[in-house]
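In order of appearance the chains are A, B, C and D, and numbering begins at 1 in each one.
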Amino acid sequence: MAEKEKNIWIGFDLGGTKMLSIAYDNEWKELGRRRRKTRGREGSDSGVERIASTIARMLDESNLDREQIAGIGIGCPGPIDLVKGRILTTPNLGWDDVEIGAFLKKKFDCPVVVVNDVDAGVFGEYEFGAAKDARCAVGIFPGTGVGGGCVYEGKILQGAGISCMEIGHTRISSSIRASGISMSGTVESEASRLTIAAEAAKAAFRGDAPYLAKKTGTDLSEIRSGAIADSIQNGDKAIKRLVEESAEVIGLAVVNIVHILAPDKIVLGGGLVEAMEDLIVGTVKKTAKANVMSVYKDRFDVVAAKLGDDAGVWGAAAWAKSQLTAK
Amino acid sequence: MAEKEKNIWIGFDLGGTKMLSIAYDNEWKELGRRRRKTRGREGSDSGVERIASTIARMLDESNLDREQIAGIGIGCPGPIDLVKGRILTTPNLGWDDVEIGAFLKKKFDCPVVVVNDVDAGVFGEYEFGAAKDARCAVGIFPGTGVGGGCVYEGKILQGAGISCMEIGHTRISSSIRASGISMSGTVESEASRLTIAAEAAKAAFRGDAPYLAKKTGTDLSEIRSGAIADSIQNGDKAIKRLVEESAEVIGLAVVNIVHILAPDKIVLGGGLVEAMEDLIVGTVKKTAKANVMSVYKDRFDVVAAKLGDDAGVWGAAAWAKSQLTAK
Amino acid sequence: MAEKEKNIWIGFDLGGTKMLSIAYDNEWKELGRRRRKTRGREGSDSGVERIASTIARMLDESNLDREQIAGIGIGCPGPIDLVKGRILTTPNLGWDDVEIGAFLKKKFDCPVVVVNDVDAGVFGEYEFGAAKDARCAVGIFPGTGVGGGCVYEGKILQGAGISCMEIGHTRISSSIRASGISMSGTVESEASRLTIAAEAAKAAFRGDAPYLAKKTGTDLSEIRSGAIADSIQNGDKAIKRLVEESAEVIGLAVVNIVHILAPDKIVLGGGLVEAMEDLIVGTVKKTAKANVMSVYKDRFDVVAAKLGDDAGVWGAAAWAKSQLTAK
Amino acid sequence: MAEKEKNIWIGFDLGGTKMLSIAYDNEWKELGRRRRKTRGREGSDSGVERIASTIARMLDESNLDREQIAGIGIGCPGPIDLVKGRILTTPNLGWDDVEIGAFLKKKFDCPVVVVNDVDAGVFGEYEFGAAKDARCAVGIFPGTGVGGGCVYEGKILQGAGISCMEIGHTRISSSIRASGISMSGTVESEASRLTIAAEAAKAAFRGDAPYLAKKTGTDLSEIRSGAIADSIQNGDKAIKRLVEESAEVIGLAVVNIVHILAPDKIVLGGGLVEAMEDLIVGTVKKTAKANVMSVYKDRFDVVAAKLGDDAGVWGAAAWAKSQLTAK
């Protein structure tokens, strides 16, 4: 009996709080999707089972044939061993050394490509979104941390075989503030959403952000992107200044990246950017343009991401296709 | 009819959350005390009435004769116009330009001396506590802000007639972090209890402070001195490091103060210091001794305050007596 | 035989490169003066002899009677033990523990008052120059280091009996740059004339300061105040920016001092300030006013010193008179 | 008549003070070399003629046939437009927009590949020296500035068609110190040889580096790598500390680079490193290993360059061969 045509590409995004799986055909038409909570704290064993069952249910719901799967691309948080398809460590989930590639390959009997989730998102924006046709595209995504990724000459940049572009963990100031690694003064310690939330809580506590104090309070966990944007729109100037300062730091991080990689496109994405796109993209761009060496000034642009939450899933699937069909 | 002997000294401490009044005789025996919530947000008009009624009730409860009041000393937060006995501004209470001295003088028909609350506390420690017999005593009190005061040759240091020693608002680093004034990188932005609480909340959110995360959560308002001490005792190393960093910053602030004022005694006080006395006083002292110019190294000591909450009330009363009996 | 009237006051300024002695009558009319090279590196033994012989020659040249000397005031660099009249250490001269007070007292059989040279200069400006009638006057003198002094309620501020106001050695930034003490990021490491000279030499070397490069070169020892001013006037913008940055740092140091001491008058002096008075005083004042807490903003002024090199000699003599006639 | 075999590869290194040309055969046997002063300040027109005549004389001296030249690779300072073979700007020489590629191509009638000089040096170390077989090799060369280059998967990393890896111009601290670009606190402002020289001159001036003061003096232009190494060997501890601080900053720059590019090999080179190899390579490695995220810790090594001055010439020739034979 003839083998079935392999024409289904599955993208998967393993996030800190939720996971998302989408199936595509060869022309990237969506064939099915399923979203679910991650529950990372229950451990990696039950986690990988949950990933597999999410994919399985999506296939079932959409009547897709497993034997037609051409490949799975899965984006995971934290550093990835790209050669072995292994999650090395994910601080957010508390998982270490997870052979997610091998596991899914066995489960679905198809090739699996594991990639860092931010890299996947940048690849998505490069293939289908805000960074199309860039020769060197860099993505920066400020959230709890500050993630980064780079697509260079059509491929995800990966140093000596390990995901990199940990822009959030590069040092940019002499601040003593930490961000979960030993080196202080990093982009993440100065400019993450978590840092904005902490400084905003202080301002609220001191009485310098009355709207935020009244509406949201001083609990970091509650001061999310929407609450921050809302506070600014309702007149909390101290909070606006915090977001600008954060964007200025990211602007200086862009300068560093331009001086190191000379990308032609910088894409800013994530919930914080979506909630305050004009303020953040505008400030980052202005700071970057004012501080780069003059030869680079007209050779790059700073833009907002276009694909939202789907970037990572779509990018993971596209990266898998690109890797598997090139071979 | 003969005038009654004036032998009752009243001390008053106007705090951000509570007010405390104590009456003393000439030998500083306590004759009565009354504590009450401040309710600063109800405004300064009702506030000063509340102060007066607190004193009045204390007198009544202890059967003290108003005509025997020799003087009232009142310590108030924020910069004070010492010549006019006026509160200039109190960010914590939201009061501006309050003629508290004139008001109480009229109400109780006795001399009133207004002083900054931290200055009062330092004067208390100088007269009765940890800084007895110092030629130049400096107090540093890390709390929501970082307060300071100085007693120089027996008198509260007061520049050109306005309370000073705003140690918390001196710049000590290149940090962009604010603390409610325009200049960033201050002792307060880097080392206040509020800053420790904010960084602790971040650590809890990131999963680096499991005990704090579970026991107290990520709300700054809940992360008080006791919660911080408790978290350290239960193994949250990241939180211990935060307190040490804060104490190191205060240690460098001590270096600055020694190089400017050459005090022989530095007193550290407040709830945070009380909750972790060994850790904080030890770290501050070590940092200060390691960084001062060698000629100053053996000429000052760093000690913990001894009088607790009473320092400010007692000091205010003693300062009033010192000012009024000297004239 | 009747004792002669004691009506000659001698002021002495021991500088790093030159020493200056002036004799005054009771109304501060100058009776004689003598200037000489210091030659500090020949050691303190020959140094104190040189001081004594300078005074002696001045007396002889002007036909002044030693028996009429009411007192000698001598200003010396570095921390001074004010109680014992002893130079503790002078990095510039390489002298340690010099009993200069006792030595001169024996030599001239008259009372001697030893004071820090910058304190003397500030006292001079307070008595006769730019800080007359100030309740609290602070002087800042940027040179090889950055000296400071304070006159508070008519007296030189002196902590617990040792000269202080080492403003140059207070920490103001997170810079790793040193200035001869263990603590980095000090006012001196960031804003001294020596630091300006070093950064200017770098700019000259890089080609960013063509006039300075051509006229003066890249030797720190040659890049003195005059050369810096000259380079700015001839179009070296990078050098102007360096002086402004230095003045901005001093402006922040002024903020710190205002928040600690609340002076009503800040006097800036020394060769660098004299060479570029408008640029430096203007920038310091602007930075300070923009960054102090609002209650202090209208309570202090920043002005240039008026007395030039004589301030220290005159101030030393006046301080001696003030100390000796008060007793 | 049959065309001659093209088997001579010419490498050229255009330095700030001297230029060097070497001719190689196909197996990298050296066939001839010529060194000459650059005299960049005479302008780019005479400069390119000088480059051409240097190559011409080398060919003549070694009896090499121009018609056998397979290609020329020339490494030039500053950012290069790699597509057009154009020097964009060279601050050290004062040249802008020089069509060096087209000029040499016309002159010698052979293909010419223009590359950044540091990139060429790193490529040389990658092909023949300390970074052989690396998947991702990064070179850092601290000198007047701090140069950088990267060979990724066998090719010089070049972003969107322009040389990059300007590691010296990435921000790493909050220092206000400049380095010829608008952004302050860069690796170059904190860690270049020029910065070490300036701080060393300050130490010498202050009396903290007696050997350097006596032997070399306080002129930046004289305080070269050899003088610095000499001063350390003769006991100037303050100078040793300066070199260590500089190496610590470079160590943090290595952390940033590891977090961005995940290289497996970091090569440190240049005159400063050669003069103090153990001190600098050791300190950089220690700082880098102590501060990278743990997953990267065992995935990179820090080593000294092996090829010395020839790296750039050899690398330029090898890069030309690699580019021209691949097409």
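In this section, a residue touches a chain if its C-beta (ideal position, glycine included) is under 8 Å from a C-beta of that chain, and two chains touch if they have at least 3 such contacts.
This structure is a prediction, so every number in the text was calculated from the model and none was measured.
Between A-B and A-C, more contacting C-beta pairs join the chains of A-B.
Counted by residue number, the contact pairs of C-D are over half the same as those of A-B, the matching pair from B-D, B-C or A-B. Averaging C-alpha coordinates per chain places the centre of chain A 35 Å away from that of chain D. Between chain A and chain B, the centres computed from C-alpha atoms are 46 Å apart.
Centre-to-centre separation between chain A and chain C, using Cα means, comes to 57 Å.
Residue positions 173-176 of chain D each touch two or more of the other chains. Considering their complex, residues 79, 88-89, 134-136, 148, 152, 157-167, 169-175, 181-183, 185, 252, 255-264, 290-291, 293-296, 299-300 of chain B touch chain C. Chain contact summary for the complex, chain B toward chain A: residues 91-92, 94, 144, 173-180, 190, 194-195, 198-199, 201-203, 205-208, 217-221, 238, 241, 245, 249. Residues 173-176 of chain A are the ones touching chain C in the complex.
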